[in-house]
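Following are the structures in question.
In what comes next, subunit A is part of two complexes: it sits with subunit B in the first one and with subunit C in the second one.
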Partner chain A sequence: MSSMFSWDFAIGHFPELLKVVPVTLLIAVVSMLLGLVFGLLIALCRIYRVPVLNKLAALYVSFIRGTPMLVQLYVFLYGVPALLEALNNKWGWNLSSDNISPLIFALTAYTINSAAYQSEVVRAALNAIDMSQMEAAYSVGMTTTQSIIRIILPQALVVALPNLANIFIGLIKATSLAFAVKVIDIMAVAKIVSAEGYRFMEMYLGAAIIYWVICFALERLFAVMEKKLRRYESKMV
Partner chain B sequence: MIEIKAIHKAFGKNEVLKGVDVKVNKGEVVVILGPSGSGKTTLLRCINFLEKADDGELTIGETNIKFKHAAKKDILKVRRQTAMVFQTYNLFNNKTALENVMEGLITARNVPRNEAEKLSLKMLDKVGLSDKYNAYPNQLSGGQQQRVGIARALALNPEVILFDEPTSALDPELVGEVLTVMKNVAKEGMTMIVVTHEMSFANEIASRVIFMDGGVVVEEGTPHEIFNHPKEERTKLFLRRIVPDWNYVI
Partner chain C sequence: MNGATINNLIEILVKISEKLPITLTIMVLSLFFGLVLGLVTAIIRIRKRPVSYAIATLYLSIMRCTPALVQLFLIFFGLPYLLMLLNININGWNKITFVVIAFSLHMAASLSEVIRSAYLTVGNSQLEAAYSVGMSYFQAIKRIILPQAFTIALPNLGNDCIMLLKDTSLAFTIGIVDIMGEVRIIVGNNYGINEFQVYMVISLIYWAITIAIENGVRYLDKRLNRGHVSISKY
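So, the complex of A and B:
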């Protein structure tokens, strides 16, 4: 009995998992929102071929898309202190990364990651909007900025929504790697508790259920959002 | 008063406008006719800088601009003195009919919202679409969308409205309703430059007809002169080919 599944253990320690759900959500939501802002800026740099920034952006997106999230987290974890040390030596500063909380590390890394993916999605969506919408905006006397904000962006965001929803749901699951930078999230708690109690399946099953419920709720939420935002579109079917 | 002098425009090696002069007085309705590739649409689009002409100058009202190296703020100025009605309507898809008409007023001309709304409803009424003010473009027929497009242009009270083949994308039944609106706009004294293939419209409403071919103005005159007594061979050739809806008045 003891080596099979223990319901008592699973249910007994489930609340500990629930306690850190806000951490997971925090990382995902903040990274997504900040990532969207930066992603939009990067997309605009790419579309308008801003000198220097255009190539830099392409390089950065390529790197993020070409490396696993875990590797990026480790690069961050070990790279930032090394970078600060180099800067300290060069310019005599006294910066230390010891006081930066793991959460900040995680938020930064996940924001940088999600911004790269979102920039591609936004770029595709902006390009998908017909030039004639822009011309109409110009013809009534709007500036480029006004046209983009009032006409193009709202339409582009609707086009981008399914992909952005995908990225967000992926981000929820990607946060499971945050323990690599010492953040206490769902996976970290699962690992700790299961290691202490020698009961692994119970905790990981619990974690799996939590992730699934969150993602399922998000799926439904985005479906409703999509339906509402698409009301002005002509239907294919 | 709108005047274009010596406008040149080439797309790569293809010279589309080879030096065209056009003068339009206030209240005139000038119709530009010509075969495809004659440069008539390019000419129109150069006026509000949707295409950037290579050379020449433009005068609208008090504003005078050289096309070459035109400054951004001058372009903006011209765009705020003109309005365009497009062949593909180009309504803002994410806005209702009313919002479409209001958008330019609120965003580009800083008109306060309730004033813009009142004016826009009036314009929609003028084109016969007051009951559709809350409809999105995808809920409207082509003719209705085009009429909203005309209302949008009217609301801006521009120096001139540029019509780029406004009825070419409409099926024949809907062409009539749009032409009726355009006739009313003309009767109210709006300055209009219309690129179209609708000959009877040109004959009825135009103060002047310009015939373009191969990037130059071949002939211009009153509708009567152009349709009944064309002087140039190219004009005669063109008219002979495109007169299916011609009504002969004996």
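So, the complex of A and C:
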């Protein structure tokens, strides 16, 4: 290892790290939003105890939350080609996983992962809303769907926001594993550049600073959002 | 999918399981040191002395806002460099040391918040009551606060344990052969078995440990909460 910490190297190659920040954000934002939609559906399946789906959803959530993200990425990376091959053999199709870009792989895998976590958050938030709200909505003639969308969800969102913020920040950090499916993100660039120059500290410190700034900014942003959303709530004291 | 026989899968399961002690060692050591350091950090944050409070808060912010992988690499590449400046040679250190240091620091951050929130939940009135019967601060902490705080913190501690278990899957990136490292070796050697199936086997192992931890925590929680009357109906 080289003897001195090289500021020149660290600062000189910092822009290369910054250039791939959008990749990290893209993965996090897309899988967060898609995960929220799927998570809501899963949560509704579990709250209303939809016969088969309820059990399946519970199994899925338990599996995703019980295994490391990295292992899930590898399962996905090797599982999709195996699945396509099986489909090809069975139906005589000609699908190939070669033309699927790594980014699509990552987006799908992270969506599957975050949907499980978000379903639990959404479920807890929906359960936190009192049943009387639902009854009140019925009493003014709303249907179940209407009352969920107009009455329950807006309130549940306020309850869920801090946890959703945590999940989003967790996702940003989890994208550092996307190298497993060959996505070139901040970590991958740090790895490549540092291996070329044989200067590891410089690049990883740069990466750490970027992650820190992103997550810190998000933390502030969510704190402001929470305050805004809670504006209408009456205070206890 | 080329057919892997059940025997093949069992063989792989046994092979991976042989490395389980390494994963668990990393986990237990990091948990222990993380708890100690987390307790110190929590006490510093609770007591709110200006300088140490600011340092502890900065430390928490750094640890919670950067990925565990980055921290692992920073420790692995940075620590030898730092210690070299102090003329300490650590070439002979086991790689597991670096992982344990990195994960202890990582865990301490989240554990300190768990401990702090549990302490604050128990509340000052308990401390005052302990003082009023003549206990010293440390007696009060040991006999009154900690037993109550531990019960409150237990579910969060369990969650953090599970997080730590999952984080240990990163240790292979610096060349440690834990269960994840063994999987990499198996996949690299290619025993004529599908990579997908190998990774399914290891996910089952992780899943099993997670469920075991979950159930252990649930059991402990029930035991510790015996006789506890709560207003929420569970």
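The rule is short, and it goes like this: the second predicted complex is superposed on the first by the 233 of 237 C-alpha atoms of A that agree within 3 Å, B and C clash if a C-alpha of one lies under 4 Å from a C-alpha of the other, contacts with A are read in each partner's own complex, and residues count from 1 in each chain.
In the analysis below, a residue touches a chain if its C-beta (ideal position, glycine included) is under 8 Å from a C-beta of that chain, and two chains touch if they have at least 3 such contacts.
Just so it is clear, the structure is predicted and the values come from calculations on it, not from any experiment.
Applying the stated contact rule after C-alpha superposition, one finds that A:Tyr74 touches subunit C and leaves subunit B untouched.
In the superposition on chain A, contact is made by A:Tyr232 with subunit B only, not with subunit C. Of the two partner chains placed by the overlay, only subunit B lies in contact with A:Glu135; subunit C stays clear of it. In the superposition on chain A, contact is made by A:Gly66 with subunit C only, not with subunit B. In the superposition on chain A, A:Ala195 makes contact with neither subunit B nor subunit C. Comparing subunit B with subunit C, more residues of subunit A are touched by C. Contacts of A:Arg150 after superposition on the shared chain: subunit B is touched, whereas subunit C is not.
Across the two superposed structures, the residue set of subunit A contacted by subunit B and also by subunit C is empty.
Here subunit A touches subunit C in the complex through residues 1, 5, 62-63, 65-72, 74-75, 78-79, 82, 85-86, 169, 173-174, 176-177, 187, 200-201, 204-205, 207-208, 211-212, 214-216, 219, going by the rule given at the top. Those residues of subunit B that touch subunit A in the complex are listed here as 48-50, 76, 79-80, 82-84, 86, 88, 90-95, 103-104, 107-109, 136-138, 152, 156. Residues 1, 61-62, 64-71, 73-74, 77-78, 80-81, 162, 165-167, 169-170, 180, 194-196, 199-200, 202-203, 206-207, 210-211 of subunit C are the ones that touch subunit A when the two sit in their complex. Contact residues of subunit A toward subunit B in the complex are 132-133, 135-143, 146, 150-151, 154-155, 158, 231-234.
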